[in-house]
Amino acid sequence: MMTDHKPDPALLARAETLVEALPYMQRYAGSTFVVKYGGHAMGDADAAEDFAEDVVLLKAVGINPIVVHGGGPQIGAALKAQGIESRFIDGLRVTDAATMKVAEMVLSGAINKEIVSWIQAEGGRAVGISGKDGRLVTATKIQGPHDLGLVGEPDDIDTRLLDTISRAGMIPVVAPIGGGADGQTYPINAANFAGALPLATGAERLFLLTDVAGVLDKEKRLLTDLTPPQIAGLKADGTIYGGMIPKLQTCIDAVEGGVDAAVILDGRVPHAMLVEIFTKAGAGTLVRAA
Amino acid sequence: MMTDHKPDPALLARAETLVEALPYMQRYAGSTFVVKYGGHAMGDADAAEDFAEDVVLLKAVGINPIVVHGGGPQIGAALKAQGIESRFIDGLRVTDAATMKVAEMVLSGAINKEIVSWIQAEGGRAVGISGKDGRLVTATKIQGPHDLGLVGEPDDIDTRLLDTISRAGMIPVVAPIGGGADGQTYPINAANFAGALPLATGAERLFLLTDVAGVLDKEKRLLTDLTPPQIAGLKADGTIYGGMIPKLQTCIDAVEGGVDAAVILDGRVPHAMLVEIFTKAGAGTLVRAA
Amino acid sequence: MMTDHKPDPALLARAETLVEALPYMQRYAGSTFVVKYGGHAMGDADAAEDFAEDVVLLKAVGINPIVVHGGGPQIGAALKAQGIESRFIDGLRVTDAATMKVAEMVLSGAINKEIVSWIQAEGGRAVGISGKDGRLVTATKIQGPHDLGLVGEPDDIDTRLLDTISRAGMIPVVAPIGGGADGQTYPINAANFAGALPLATGAERLFLLTDVAGVLDKEKRLLTDLTPPQIAGLKADGTIYGGMIPKLQTCIDAVEGGVDAAVILDGRVPHAMLVEIFTKAGAGTLVRAA
Amino acid sequence: MMTDHKPDPALLARAETLVEALPYMQRYAGSTFVVKYGGHAMGDADAAEDFAEDVVLLKAVGINPIVVHGGGPQIGAALKAQGIESRFIDGLRVTDAATMKVAEMVLSGAINKEIVSWIQAEGGRAVGISGKDGRLVTATKIQGPHDLGLVGEPDDIDTRLLDTISRAGMIPVVAPIGGGADGQTYPINAANFAGALPLATGAERLFLLTDVAGVLDKEKRLLTDLTPPQIAGLKADGTIYGGMIPKLQTCIDAVEGGVDAAVILDGRVPHAMLVEIFTKAGAGTLVRAA
Amino acid sequence: MMTDHKPDPALLARAETLVEALPYMQRYAGSTFVVKYGGHAMGDADAAEDFAEDVVLLKAVGINPIVVHGGGPQIGAALKAQGIESRFIDGLRVTDAATMKVAEMVLSGAINKEIVSWIQAEGGRAVGISGKDGRLVTATKIQGPHDLGLVGEPDDIDTRLLDTISRAGMIPVVAPIGGGADGQTYPINAANFAGALPLATGAERLFLLTDVAGVLDKEKRLLTDLTPPQIAGLKADGTIYGGMIPKLQTCIDAVEGGVDAAVILDGRVPHAMLVEIFTKAGAGTLVRAA
Amino acid sequence: MMTDHKPDPALLARAETLVEALPYMQRYAGSTFVVKYGGHAMGDADAAEDFAEDVVLLKAVGINPIVVHGGGPQIGAALKAQGIESRFIDGLRVTDAATMKVAEMVLSGAINKEIVSWIQAEGGRAVGISGKDGRLVTATKIQGPHDLGLVGEPDDIDTRLLDTISRAGMIPVVAPIGGGADGQTYPINAANFAGALPLATGAERLFLLTDVAGVLDKEKRLLTDLTPPQIAGLKADGTIYGGMIPKLQTCIDAVEGGVDAAVILDGRVPHAMLVEIFTKAGAGTLVRAA
């Protein structure tokens, strides 16, 4: 392998990569990171494995990840398979009792446990729960101009179960569902759900894994750092629009509530989270207080 | 309400009931009870409420209940709704990948979370998990004369997650699913699953809540106490047959493995568990070592 | 016992009684209750057993009871038996050194240990102490128009011993005696003594078990709920008078100091405490902040 | 006070005394010492103060003392004062229910709390209990040729309460009374009672404070060290006789049960315990395994 | 040893000395004492043994001593032995890199470990560290009219390592060296170093062991108690001058920062610390807030 | 940085390196590794930084490293600088009192603290101690045909201080010196010293960082895996000789005592430890039980 003490350059490069990650490990040891993992990214087995490796690595270096997942496409497919038709208002699905039951079953029974399996496969110890478990998220019916039925938003967060799981060396994986004080079950938009956790858990970072590269300027170049005022400007001039607006609002809310940074990342890029966390390069768009 | 010190007889009777339960509370304080709740009993809202009250009361008096549920009828209905046909061998459903996915979704995503909701409604703090979570149950494919597909049996139990939840003052509700060392997901017969927990958790009692009154003799009278040798005799003379045989085998295994007692109870009887635990009368059929 | 699933109505009623107590168990789990048990009620073996059962039941469902007892009649009898004559001023016994020694001996050596025996007989683990033990109550000589000798009042409370005993799963039973900073031993009026504990221990309830039904209105009907202003009114119009006045003052002090509620209960009524705590009906007179 | 660095010889001598005690402090830090304090020595206020100082000093240097006291003379006086006559068999008092009640009252209510006061006066935190408290000593009626009535012997020791008190930085003071499984209260000979504690508590030393100098040889010289075989010899030749025989038997039982040493000390000698523990000289008669 | 119960007067005197120390043990139990031990006093083996005994005795009675040592003379000798010449400015040695290395080696490698050996010889468990270890003291280069080179002053104190050692029943012995945020190593004046610890550790006392008797008045009589205003007066009238001024400033800083008292003691006087701590007489000059 | 979701290949490679290390992090989390760092490798600042990074990285991923260092060359230089001449027997230096003092000063005061500084510079929290501290290593004079003076070998290991430091999140750095029961200080060969720690601490790995590539065969190719029998063979045929023999003996002792593996590594190779621990490739010669 070596004569005298000339090391194999490839091995040396690998060791140096570990060493370069060291300052980030030290900085984040003991921190909590909330990671929102979108339903769109779930079809790809390689991406799933990459994502699970990232989460397990965070745990191994002393960070406490909390995974929140979505599942919109899968719920749509299941409704279709069962012949349940949906009514839409302004493009939003109205959720009646039957739809809610399918949504819960898909989120808590299929996607949630699939992510658990991925994480276990990488040597982690995941625990799949929903916001109903341990009274984690008390939800109220979302209010608005139109009645969307059984759609909730987080009203009260009790982090005891999350803390218990994390302290036991395990990784919570959370389906975005809350229990109402009225006993009703409410599906919640996954980004809303994830956005409510950092403040309650004292998390230092919020990651939104999506299927876009991040916020792009008008020339389609990635904007790597933004502050709330800059976002307001980009919204005003039309650079930001559509589905990116609520994502950025979730980031702004988190940052203004005290979280260090919220990051919109491309979940399709292999190990985007590791690159973002453990290298100077970063990835995606990071939102930080002005 | 009273003149001088003559108490209201109705209130006095209620106080005395509490006092009569005291010796049982003292005897079981700190114990773990595994409760298997069958899918057959789940349609009835009143029975559900009664069951949840029983579980929450156990927790309130210092017992740690672990609920394991089944879901056969609901899985059958879901398969039918999705138009998935099943092949049967000797009356047992062959479980292919699609069937397994439906089974997991129904068990972990529908029934599990419904029981969680019931328990929360009674003021408890339930946590719905499956045997995959926290690597609770490592399963292997069940062996037998015929290949039933993805049906597992418990191979290794790691109780860390159950202990963590119970010590945090919460109630674990467990769907009977295990993760294989091969990464595969295996549904497991709920009674088998529940029967594997007492030895691993050091539980003192195993309750099998079913939809029969217990073991009946040939005159259809309830047999309230049985030992393994007596069961062997009743099996030999045909008093016990059919679905009761595996239930009793689960009891025998638990008792021979060190559990104090295993009880077959009628889950349709309101508060059957409370009667069994907190009164001299008892309920159902209790199996104890000879 | 049953055919099919029709339960025995008597057993069902008992189970339902337990279930009705559940919300109260949940509400008071982890709370501390101070219970003053008067010397007048101590002659009756049945009442003693009832009282002990009540205390042990509280402990079994997660409440921490602290029992404070009196002993006036027993001290009088012991003084008489030993031929020690007492001088009275305005009906109050002057306590010289010999009288104090008899009082301490009767309170700490007879009544205290008798209550301990009762509680042990019901399966509890009682620890009989006085306010001198562990420096629980530092007393000063009571001041007033006449010198009553060695009669004290609580000056400083150090709850460390009570906390230690309660956390060890045991039940403190306390004789109303304090040690002075001067090394002197001072008997203290039991209601005064009990009234000083809730604020120091953070107790949520104070119970005064007496030999009257509670506060009665002019038609001798029980007044079940009172506030300090209402009490002032009843005192002004003569409805409340005599020995009830200091009892109510103890309740007012406790409530104004932050305790949720203070209750005057008839200790002769079997299980009055359980009825008060675990049913909607309640018993006796409850004093709550206006 | 000093010029240059010549110290005051008196102060220096005091410092050196502390230093000479250091090896003994190190050797016994964390140990438990059971100290039996006889009723005979209790009349003398100076001796009481000395004894209390010794006990508090042990606690201050990290030893856990457990004080067990007697009270024979005081019980006799109280019986006489109340006109209760005693029947004697072979010089032993027959204990009927009335006698037992007086004995408990004197032991638990008078002597026990007086010792507590002494210890508090020296800055210690004492907790006066009897063997009934916390189910410390379960007693059975003593068996013998004659029925002595309600006299017990220790049958089972549960040290949880002692451990709880000691770990809380407090000093248990124990009246020699046990509770029977039958609910009966049994006074126990104080030396018997004390002798049962070392094995149960893992104590390293047992001290019997008496009103004799120790074991004397035929020339009335103190024998400072004895082994069980030597004691057998001295008993055979009549050097040891009378009340010294049960005292030595208690020592032999303790030593043969695993205690390092049992010491018979003269409680009338000021600070005899300190001299025994913290100097090479020792005091009294020390019994050690052969 | 004794006839009847007349004690040996010499032994009794020793016991009484222990008892007289008791109030001081009680008062200081659980406290932290910072002890600065000067390099001048280190040549004398007897004094070293006395000092070590004092420190170990403090630990044995529940006080947590933290020893900080100097080493000026020994550093001078080592520099001379290695032929390293020093430049002096206003009598202060300029510390270049070579000098610093010798200083660290002598302080951390010779004196520090010698004190550790002394303390172990008396049965203590010492841990020799410097301010660099565990980031205990972050230092900055001392500022002043002249550049003295690598001489530091404490800038930030992180007491975690001291707490860890003390709680483990061990005695920290600290060389006065700090690590700069710049990675540089800085020797620090031992009195400055010791003076910075009490506030950070919550110590109740600071002892400066020197080679003078304390503060003397103009008639060379020891001043046993001083307040900051009195010190100001004595400085103004020339009673205090020279090397005593920085020592007293260290005391004033400690006292004004919240420490109970700071004491200048003659380290050459045998057991001066014990006399100061455990007798009414005291020793040296004690500085207390006005 | 990216268009669409094509990642920067360099960043991806770095992320993948972290992921490849994950199984090793999981396998060794919570383990203790003893690392012997030789004095020969200490002159090179780059190597020092690499070594410190490796140690801090181990700690960051949950491994507890214990660093033991040598210092032969530095001691020789210091003796020479101080003009202390050494006598040699068979090439071994005879250690008189003066030599021992220089050795301790260099080891504990110079090298030890330099390694501490390196580790702090990489963000770790190091604590530099010697085997004397906390009575970690009790040494006895080494026995042999010639009297080598004050040279010791480990006789008894008390790991309490090491455990305390590691549990506090800090990294112990240990100079190879022991304290004799006779109060004498004994330098110990660093490999001997390090070799004694794994069994006492329950370490899973022992690393000997040297200035050779590992064990070479006769063709100078590195032998990457050896068992004790293989080593015996290589010694017999002369492949292994000289200074490698005691190094391998240390490995054999450790492995036969229960350690998983002992590794001889080239400390001059950058990050050799990381390569060995976190890649499949390995580095140096690993000794494992046959």
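All chains are identified by letter, namely A, B, C, D, E and F, in their written order; residue positions are counted from 1 within each chain.
One rule holds in what follows: a residue touches a chain if its C-beta (ideal position, glycine included) is under 8 Å from a C-beta of that chain, and two chains touch if they have at least 3 such contacts.
This structure is a prediction, so every number in the text was calculated from the model and none was measured.
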Same-site or different-site touching of subunit D by its copy subunit E, using the half cut: same
Of A-B and A-F, whichever chain pair has more C-beta contact pairs: A-F
Distance from subunit F to subunit B - Cα centre to Cα centre, in angstrom: 55
Euclidean distance of C-alpha centroids - subunit A vs subunit F, Å: 43
Residue numbers on subunit B that touch subunit A, as the complex places them: 81-82, 101, 104-110, 112-113, 116-117, 120-121, 125-130, 132-135, 160-161, 164-165, 168, 170, 177, 179, 183, 185
Parts of subunit A lying in touch with subunit F, wherever the complex brings them together: 1-8, 11-23, 25-26, 29, 50, 53-54, 56-57, 60-62, 122-123, 213, 220, 222, 224, 266, 268-272, 274-275, 278-279, 281-283
